[in-house]
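What follows is a single structure, written as structure tokens, with notes after it.
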């Protein structure tokens, strides 16, 4: 089988497996799986910037939050329908990414990292400061304001597990398709070149600033889509999703799954979700485990699961 | 209190924060300047200084003795931790920039949570070693805060002398300019890196000890100074000591003033916007040496 | 003979770093289809000079004319699209990628005209160009090899294949023979001669044998300025050159 057929088969297979999974999972894991898929879309968005363009950000929660509040606020205050709210969420995240990129991408790597962290924190503080609108830390619920999705004759209520799961799957599938298409495209090649050696890539005919900005926009859009999806599917919108910890999670998930691989984010998110879940059952200081995991990964397992797999046995894995 | 005196109060507050911020940011800037890495756990060294100061004060009992001991013991202890982190983690990943970020984030959470588990979630006060009031016509101002500013200034000067007058300082500046060249001339890079990282941590810890009688020791107190230090080094330019000091005063003063007149939260948001403004005009910071 | 405009002309090109003048008011002209060698001791400013020509460095003063057009303000990628291609002194290939991917990056550039073509320039056409470039340098069949698994000599060839795939009209080679074995050097000279049939070549070299064999004209630099210019034989006999560089 040719490489491109193998790649297509693998990714379609993963999606099919995820689809079938909903019929065998018990209720608790059912919702978890939906959550994991939405968060994996967030990690996939993060991976576009880090894994394929080589830019590390510590403020990605701002894009997730932009999507979350961008979708949640119109529903809560205006009773807007889900599709429109989702669109606004993505638009908000993309716009933020573009503005941020125009300002921050001209600085060097370490500066970019620090600036992203600062802006992420500023947005988090803003959600707390404008308490009257955002209801800050406490957050708000959208489920009672959210009209069911109209599909032909059927009305799909967002509280129904099947609706949650399949919409989450749809979101993840879209992010998978987007990242895979990007990776395999000519633009994807340029991004990988920028990650490997930016100056060389510029001298080979590419305006690296424009490509980095584009990559940041896509990354922001995907993260915002995940945020908007999360708000609509799981109903809760709150400041915690804009905090620094929430910017560090996608880094952790992508690292564990394999930075620079397409399926890595899914693997990393799923594994970490259950690891944290298990550890939280034992102690409330599960963040100690998170910290230790980061150190251990970077010391002994920097390629992550799929990265190692790709290095040793499957060189064709995108 | 009318506006004038209120402003004067804000300036005093701002000056004190500026000195302490300068101490913290200096540590961060030295580490980046010489080692080319960003230590995201830097704020936790500050927090550890404060917490260990509380532990000392609690153990010893008398405020003055406890504080003096803390001023020596806490930075030493934190320095030892930093040395260990350098030896067991940073050196193993060869000070690779991205890997160091990830590793120091991990260290941040490990230190923070360890303190939570051992010290608890409460904010605990420490009695200041000296207590006197400087009486201005409009208000009385805490004499200890002025002492903090003074001691910070001393430490800043001491560090400046270390960097410009000692052999270690010479090695540091050589390594910052051109590491390969420095090594060719016999500068022991690894040892210099270990010492610089330790020094940075000790400066942060000292700041923590100084601040704890004013603020309380709390396991989450490292985040705000970290972000403020980040703002300082971005505005001042990563790697420029002079820039760090100037920016620390600009940021410290403005943060102090906005905090007094409005709110600390707004102050942070304003500071971030300030950074954005600087970056639009000068991507390298005000005094920055931009490394490609 | 009718005067044909030179493909490249610099006018008083200067580059200062702080207090140091790396390139001092250099004015040179390179004719179309010429093979020009730039020689000089270390620190003479050769790499900085060509760095300004390809866009890596901004000149402190002076102008660069390419095909009669002032390109001094153009960015590096814009110059590449005009046909100015630079290969690095220290091998600058993409280590973790295959040879195919290394060459595909410059190869696809020419095909990415227009909005749709940016996303999908046509992989078959890209593959064709990659194959042609690898064959031209003698690396046919190395497509799936990882670049960092290649022998040093082959890595240098890969770098040239990448340059070829970028469709150069002015190819700048910065010390291409450094670290190569005898036989590899000879093969490289053959390759450069073939390339020069369709493009102008500017070569920075320390290996005098190569210079004497390849170059039609030689520019000698020292301390940032041009010391002498002429045919290899003329330059070899030049008293200043002998004193400063050849050590006689």
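Going by the order they are written in, the chains are A, B and C; count residues from 1 in each one.
Operating definition for what follows: a contact is a pair of C-beta atoms (placed from the backbone, for glycine too) under 8 Å apart; a residue touches a chain by one contact, two chains touch by 3 or more.
Nothing here was measured: the structure is a model prediction, and the numbers come from that model.
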*asked:* Taking the touch definition from the header, please name the shape of the chain graph: line, ring, star, complete or other.
replied: line
*Give the chain pair, either A-C or A-B, that is connected by more C-beta contacts.*
A-B
*asked:* Need the central chain here, defined by C-alpha centroid distance to the all-chain C-alpha centroid.
replied: A
*Considering only mean CA positions as chain centres, point out the chain farthest from chain A.*
C
*asked:* Using mean CA coordinates as chain centres, what's the gap between chain B and chain C in Å?
replied: 48
_I'd like to verify one number: the distance from the centre of chain A to the centre of chain B, where each centre is the average of its C-alpha atoms, in whole angstrom._
33
*Cα centroid separation between chain A and chain C, in whole Å?*
43
*Tell me, which residues of chain A touch at least two other chains?*
199
*What residues on chain A touch chain B, complex-wise?*
56, 58, 103-104, 106-111, 113-115, 117-119, 121-122, 125-126, 128-129, 199, 244, 248, 251, 255, 285, 287-288, 290-299, 302
*asked:* Which residues of chain C touch chain A once you look at their complex with the stated criterion?
replied: 54-56, 75-77, 80-81, 85-86, 88, 92, 94-97, 101, 104-106, 108-109, 111-112, 118-121, 126, 162, 166
*List of chain B residues in touch with chain A within their complex*: 32, 36, 38, 40, 89, 92-93, 97-99, 101-103, 105-114, 116-117, 223, 227, 230-231, 233-234, 238, 263, 265-266, 268-269, 272-273, 275-276, 279-280, 283-285, 290-292
_Residues on chain A engaged by chain C in the complex (per definition of touch)_ = 185-187, 189-190, 192-193, 196-197, 199-208
